[in-house]
Structure formats: C-alpha cells, structure tokens
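Next up: the structures, one after another.
Shared chain: chain A. Partners: chain B in the first complex, chain C in the second.
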Partner chain A sequence: MSVIIELKDYSWKYLNTQQPALDKINLQIEEGMFIGIIGPNGSGKTTLAYSMNGLIPGQYNGIKNGEVVVYGREVEQYGHGQLQKIAGMVFSDPEAQFTAMTVEDELVFGLENLGMSIPEIRERLEWVTELTGLEKMLLKPPYELSGGQKQRVALAAVLAMTPKILILDEPTTMLDPVSRRRVFDVLAKLKNEQHNTIIVIEHNLENLIPLADRMILLSNNKLILEDETHQFFQNMELLTKVGIYPPGALRFFYELKKAGYTSNTLPVTLPEASKQLKQLFG
Partner chain B sequence: MNKTLLGYVPTQSPIYMIHPFVKLFFMLIVSLFPMFVAAPEWNMLLMLILILFMWISRVDMRTLKIYVPVAVSMGSIIIISYVIIGGTHPEFQLIAHFLGINVYWERVRDAIVVYFRILPMIFTMVFFLSTSRERDVIVAMRTIRLPFVVTYVFAMALRSAGMVLEDFQIVRQAEQARGFDTAGKSPVYKLRKYVNYMIPLFALSLRRSEEFTNALVARGYAFTGEVSKVKRADYVLTHYSFKYYDAIFTALISLTFIALLILRYGYQYFSVDESVLINWLRNFFL
Partner chain C sequence: MTNINPYIQVNKLDFTYPDGTKALDDINVLIQIGEFIALIGQNGSGKTTLSKCLNGLYKPTSGEVLVESLNSKNTPIVQMVRRVGYVFQNPDHQLFNNNCWDEIAYGPRNIQLSEEEVKIRVDEAAHVVGLPEIFYEEHPFFLSKGLRQRVAIASILALRPQVIIVDEPTTGQDSRQSIEIMEFLKDLNEKHGHTIIIITHDMYIVAQYARRVILMSEGRILADGLTSDVFSQPDVLQKTFLEPPQITQLAQSAQNLGFNPGTLTVDEMVNQFDALKIK
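Here is the complex of A and B:
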C-alpha cells in the first residue's frame, strides 16, 4: 500500500508558547489504514490532526519546521479548501461544528461548497443518511438532537464529502457508551465497506482497538511509539508509564504474564482474551 | 409539531402550504400598513385579522398571553411620554389637571393612535415568527436571490444567538455551583456583578468562533478566494416550489397595499379626523 501522509522531522510551535506542541515527528500513514492515536491530554494529538488536515498552518499562527506531505504535496501547496476535500475532519464537540439549521442543510453544506449538482447532492445525501442511520432526523435542528446523534450528524456531514482520509479528533469524548458504540459501528462500516483511510484520536480504547490496524502514542509532544496494534499493546510498561490504561482484559493478562502464569502475547480484544483464558484454565 | 422561531406549530398546519417567500413578503408589507392608517379602529381590525390568521395556522393561541405584559408596558411608556411628560401646550385642549400635570386631548389622542399603530406591527411580526422556521427565513431570502453569503451570515447570527444564550446558562450554573448567585439581590448589585458572567461568556464566545471557523474550513467553505467563487447549487430550495396560490397571495398582498395607499392619499380614508373611535372619545372627553 502506498504512503499517503508523511511527516518528516515535523515540529510546530504555537505563537507565544515556550514549548513546541509537536516536536520532530516522523510518521508515515499508508492508504486504507485505520490508525488510532492515543496519548495524555496536552501531548499534541489535536495539533497532529490539524496538521494533517491543513488547519495548521492555515488557521493558526506559529512556527513550523519539517514537512507534512499529503498525497505527495506539502499541505501549504494545496489551495484554500482543496486539502479539505481530501482530508475530512470531525471535531470532538459536535455542537461547535454545526454550520446549518437542519440536519439536511448540515449534510449538504459541504457538498454545495464543492460545487456539486443537485442530483449528485441528492444521491450523496441518500447514501450518507442510510450509512449513518439519520433518515428520520433530516428536518430536525442538529442542536436539538442527543449527543450521539449530533456526533453522527457531524460525521455524516464530513463523510458526504467522501474524503479519502477521515480524521476524527476525540469523536466520542462527550458521548455515553451506547452512542460511542454507534459512532464506532459507523467507522467499522467505513473501514470494511468504503476502505477509507481513517485516523482516530481517542481515549476510549475498548472501541478503538478492535478496529485499529496501527496505533500511535504521543507523549510530551513527541511520538514515542508507533506499531501494529497487537505489537503496540505488548509495550504495557511504557503505556502505563505515560498514563495510558488499556482495557481491563489486557491489564489482567499483563498481570498474569508478570506473575509468570503465561508467556503468550497479550490479547488485545475480548474474544482473544476469552480464548486465551480458556487455554490457560480450560 | 414543528419548532418555529417563537414556538411550535402542528405539522398539519395549512401554513406549510404557503411558500416562505409569501410569509416574508406578508410580514414586510403588512407591517407597513399601520404607518398609513391613523384611525385606531382599522388597526384593531388588522389585529383581529392577524389573530384569525394565527388561529387558521393553528398557532397555539395560549402563547399570545406572553405578549400581554409587552403590550401593557409599551402602552404605559407611550402614555407616560405623550400624556404625563408631554410638556405644556397652551394651544391644545385641556381635559384634566392633576398633581401639576396638564392632560391635553391632543396628546391623549396621539398616544392612542401611536399605540394602535405599533400593536399590529408587533402582531404581524409575532404571526411571522410563530409560523416560520429558521429555514423558512433563509429560503425566503434565497428566493429573492440574496447572495448566499448574506443569507448565511443571517443564519449564523440566528444560530449564534441561541448558542450565546446556552453558554450564558452554562456560565451561570457553573458560578451558582460555586456559591455565586445574584438571585434576590438589588438590580444595582446584579448589574455590578454581571461582569462575572460576561468575562467567561466572552472567552467562551471566542473559543466558539475558533471552532466554528475550523468547522467551516473543514467543510471547504470560504468567504473569499477561489473557493468562494464555486457555483453553489441550492439544495434546500428544491424542497419548495412557488405554486399558483402563492402568486395569488403575493398579488393580493400587493394589491391591498396599493389600495390602502390610494384610499389614504387619494380619498383621505383612515385619517384621525375620519376615525369613529377618536371622534367618540373627543365627544366623551370634551
């Protein structure tokens, strides 16, 4: 698979701050990958997402060093709005990203900006509402929906623009567990059916791990670990040291391993954990 | 029920058959009527017609009760400014004198005329806002080919007004939770302490603006530059069509306005001197 996003020695420092928000990041993201980005608050996750979408340096003042290359071009080389067609962004606060008065207007806003025709818009609208289960909410004001529904609207509004890359910045932070599940169900559909490149910044690992192909750990504004998901979670000592607490099952097997009860690779999902448990005690 | 700008109207209301442009046109033109009509009884008739329209549109008439204090306070302000502090006018006809205040017939008459001019204007606005959703206003504006950016800024203003109110509630509740509450305190105290709400609210608004700008950029929108020159399809307008009865209503509103102007300036109808109510009151007071 080809590399579509590449960061080379990339650093970004916001104006009037002492420390860089991102420090010498080197990263390659391949097409069609589902990437999970984790890290403590203030580690630079949102800055990384904004850098890949062109919001940085477009909308923020600061000092940039190194390169952020998306589809072979530096982000600054894209004209206004061009990069956003390729890399869609969903923000953590769904309420703050609504730009229209009804769900339907919200979903078609980006399509109108792209200069699409009415039949094309109608087709995309039907597709995205079915994909995200928003058929019955089209005429409602988005700010009157529940938290989960709001975030699905925000996600659908970006999806409708069919970006090749989808970046989600803590999309489930403000949601209850059921709503979180529904957002990740939509992401699973996208991964399996649409084969988009999806980059998710998330604290909730239970939902993220089963979908992520690769994981990235940021801490103190540096990229300190990047690996395939299974391999990534074998580094439990490092993860706990920087304040990442993986799901209970993973921690349980880590404790068993430390106590010498097993030497197996740590299971990262519940089915894997259940299987290993049967092997150990069954 | 569909949420309108001032409340809720049942989904089955006949008002939804009317094109949003006709509603906007009605509001803009009919609210001008009282400016050319001085006789209060005609303005009262207009108010009755507007109430009838609200009833036909299935607006919840109980919500009209909330405008009673507005009407009373507005009436009081007009009476105070015209009658009580209207000044000394030897050329006017004195109808009463108490507590050193001269009450003149002409000032009472003018107060009544002004009051019954403003009331139907408010009723027209209430009718419009009670039967229109935000989307209707936007559609009406786009129908008359207002530039997208103008209608969009208007829509954003509507939306941000709601957001500021919500943020204000959040700030207030947060401060109440930490023991700061102005309930039961004097208005001067409340005014002085209002800054405690305003500073966080201002900071929140700045953050909201940043997030909103990011959301617009992320959806490929820009007010200036090449992106803004993209020819936009207006999808929302595809849900509305201007039917033959919309044209009839628009023509009726226009013709009524023209007839009103002809009757007013051609035949001196609707003037104070022609008013039955004013003449009856004059006979009563003098």
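Here is the complex of A and C:
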C-alpha cells in the first residue's frame, strides 16, 4: 500500500492564540485505510482534519511549521479547490453546507460546477442516491429532512464529487441511534465496495471500532498514540488517563486482565468479547 | 418514595399539532418527587412534546396533566415553569442575554420577583451549577459548551422548579465532559432533592444514572419501569431500534453462564464474574 497523506513535524498555531492547535505531528496514512481519530474536545482533531484537505492553511490565518503532503504534493501547491476534489469533507452540522432548495439540486450542484454533461450527472446522481438511500427524498427541500437524512445528503453531495479521500468530522454527533447506524452503514459500504480512504473523527467508539483499520489518539494538541485498532486499544491505561472511555466490553476485559483472570489480547468488539467470555468458562 | 400522591400525573394525554400530526397518544404516567428518569426513543417519538406538556408550554388536546394537583390547562405558564423546568438540547437555543448574570436573572425577573430576591436566586443557582462569580459579566457565547450548558441549567434552577427536564445533556460532549454533567445532575437529584428527567440517546448514560426508563415510540409509551428491567427486554428495545449498552449486551450473550440480563455497569459485570468463578 502506498502512503497518500504524510505529515512531517507539522505544527499549526491559529492567529492570536498562545498554544499551537497541533504540535509536531508525524503521521502517515496509506491508501484505502479506514482511520478513526479520537481525543477529548479541544485536543486538535478538527484542526488535523482541516489540515489534510487544505482548509488549513487556505481558509484560516495562522502559523504553519513542517509539511502536509497529500498524494505527493504539499497542500499549498494545489490550485484553488483542487485538493477539496481529492479530499472531501463532511461536517457534524450538515446544514452549514446546504445551499439548494431540493435534495437533487444539492447533489448536482457540485457536478454542474465541474462542467459535467447531463447524462454523466444523471448517472452520478443515481449512483450516489442509491449508495446513501436517498431515493425518496430527491424532490424535498433539505430543511424538511430529519437530522439523519440531512447528514446523508451532506455525505452524498461530497461523494458525488468522487473524492479519493473522505474526511468526516463527528458525522453522527447530532443523530439518534437509527440515523447514526445508517450513516455508519454507508461508511461500511464505502470501505468495502468503493475502497475510499476514510478518515473519521468520532466520539461514538462502538460504531467506529468495527470499521477502523487504524486509530489515532490526540491529546493536548499532540498525537500520542497511533496504531492498528486492536493494538491501539491494548493501551487502556493511557486512554483512560486522557479521558477516553472505551466501550463496556473492553473495560470489562481490562478489569479481568488486571485481576489476573486472563492474559489474552483485549477484545475490541462485542462478538469478540462474547467469544472470549465463553472461553474463560471453557 | 414517601409521597403517596405523585408530583406529576399524566392521564390519557393526547396531543395533536395544529397541522394535524398526532404527537402523543394516550399517555399515562405518574412521577414522584426524587425520581431520576430517562426518557428514550427515536427522534420524532414524542419525547420533547411530552416534556413540553409537562411544563405547560403545550396544553393537552385531550386528557390532562396535573402538577402538584394544578391542571396545566388552566394554570398560567408562569406557575407551571416554577414547578417543572425544561433545559433545551442546545444551550445556544436558550441563551440570549449579553452576560451570564442577566441570563440567569431573566426567569426570576420575568415572574416579577424583587431585584433583591432575583440576586439571591442568581447567586444560589450559579453556586449550585458551579459557575464562578468571575463569569457573571462574561458573554455566554465565550464560554465552553459545558459551561454554557451550566448557565442554561442555572437559568432554569433560578426559578427553583421541583422537576428539571434536560434535553440531550451530553450531545457533542466528550466522555469526560459528559460524565461531569451527569455527576452534576446526580448531585441535583441526590443532594438538592430535585426530580430529574433526562432525554437522551446515550444508553450508557441511561444505564449509569437513571433509575427508571420511559421508552417512547410513535407517540406512545412502549415500556416504563426500572432501568434494568427495561434493558432486559432487548426485543422491546429493538422495536424502536435501540440497543442496551454494550456491557448489558455482553451479559445477555452470556446469560447461559449465569450472567444477569439486566446488568447495567462494568462493575456489576465484574462482580458477577468473580462470584461465578468462585462457584
């Protein structure tokens, strides 16, 4: 696999702030990976996301040190809007992103801007509508949709541009459990069928863990842990110390391990935990 | 519960919005002083509508809501909000004053208390939520979301309601902030004697803090009981696309080994493991 995003000693300080929002970050992301980014609020997660699609430094004032390289080029070397076509971004508040009066217009807006032909646009629209399950909503105004439907429209609008990299900043924070599940179902489909590189900032670990190949932990504006998902969650002491509360099954097995009942690798999903628990009663 | 008469009685409550949408259908609930209740269900199931009926913002289409025996239908809203306070999901939808002091004082002033009494109420509420005096002159929007939420709760507390309904107290908060807010609500419940009702999608929070769960679906109450009892019925939850917390699901998957399907916390699970292993 090839490295498509690389951060080398990267620091960013917003104008008029004392502390850097990101401090000497070194990170490589390989093509096709599903990456989960976690950390307390204010630890630099959103700044990291913005730095990878050029919103930083493009739209913000601040001081940059080090390098952010995407597909072999430093982010500053991309022309206006070029990097955003490669790395699409979905925000936690989808309404911030809507401009059109119907879902369909919202979805084709970007494509028309690219100067695509009508048959091409039609094909792309059908593909993305089916992928995100928005068939019945195309003629509705976005503001009449539920929060979960809005988030799928936002996701679809970004997907329509066929970005190779998809960055999602807390996509399910405002959603109820059903809508949250549906957004993660779409992400699972993208991972398995479209092979996009997907980077998700998310507090809800139970949905994130089964999909994530690798995990990144930010704390106090530094990257303090980066590893394959199973390995990552073996560091329970560190995670708890910075205020991350992993899902119940993981915390339960961590207690068992501390008490000497097991020396196995801690299970990170419910099915794994369930299997290990049965084995302990052999 | 020492009270024989419930503080809130909801009898055969129906509520239909002016556009004809029926949001509540035959709701019957009794709430005692001192309870800690979680109101759960999908968006659109009627949770917020029910809350607004409890504090008199909405009047029943039919049926009745009695708070301290006052019928919400003919009790002025000013009297209702002194008994049942509702904290919005997004504090930014609620906060509108230019500094925290005015924000918290707005309610007491609105019910026409004397400025002297208003000051007492503000100090008291700010103290309970842990808002230091140095923030009194601060604009709410310059505070962190956690502090804004506290200002929002303080502005409700200043009316000294017995019941406090908090809509989605932990949305958008990280784990540490969520626990901080919930521990604060727990204090209001245990140390200050307030009845707490939370509306939430976070089943971990429900399991950890609520003693009673009311599960709503399509404007009706689907289940109402002890948290462990409601969570032991995964089929009922599934009807509304909810899942019990992961630790409860793990216990349920190991029920044949002797684990209690109503397990709510990691500690409970560890204790059961110890006991089962010794056996």
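Operating definition for what follows: the second predicted complex is superposed on the first by the 281 of 282 C-alpha atoms of A that agree within 3 Å, B and C clash if a C-alpha of one lies under 4 Å from a C-alpha of the other, contacts with A are read in each partner's own complex, and residues count from 1 in each chain.
Just so we're on the same page, contacts are C-beta pairs under 8 Å (C-beta built on N, C-alpha and C of every residue); 3 or more make two chains touch, one makes a residue touch a chain.
All values reported here derive from a predicted model rather than from experimental measurement.
When the two structures are aligned on the shared chain, A:98 is found in touch with chain B, with no touch to chain C. Considering which of chain B and chain C touches more of chain A, the answer is B. When the two structures are aligned on the shared chain, A:41 is found in touch with chain C, with no touch to chain B. In the overlay built on the shared chain, the residue A:157 is in contact with chain B alone; chain C does not reach it. Of the two partner chains placed around the shared chain by superposition, neither chain B nor chain C is touched by A:63. In the superposition on chain A, contact of A:251 is made with chain C only, not with chain B. When the two structures are aligned on the shared chain, A:118 is found in touch with chain B, with no touch to chain C.
Of the two partner chains placed by the overlay, only chain B lies in contact with A:81; chain C stays clear of it. Once the two complexes are overlaid on chain A, none of the chain A residues touched by chain B in the first is touched by chain C in the second. The touching residues of chain B, counted against chain A in their complex, run 2-3, 133-135, 138, 155-156, 158-159, 162-163, 208, 211-222, 225-227, 230-236, 238.
Taken together, the chain A residues at the contact with chain B in this complex read 50, 53, 55, 58-59, 79-81, 84-85, 88-89, 91, 93, 95-102, 104-105, 108-118, 121-122, 125, 139, 141, 143-144, 157-158, 161. Within the complex, the chain C residues that touch chain A are 42-44, 145, 171-177, 179, 201, 204, 241-243, 245-250, 253-254, 257, 265-266, 269-270, 273-274, 276-277.
Residues 39-41, 92, 146-148, 170, 173-174, 176-181, 203, 206, 243-245, 247-249, 251-252, 255-256, 259, 261, 270, 273-274, 277-278, 281 of chain A are the ones that touch chain C when the two sit in their complex.
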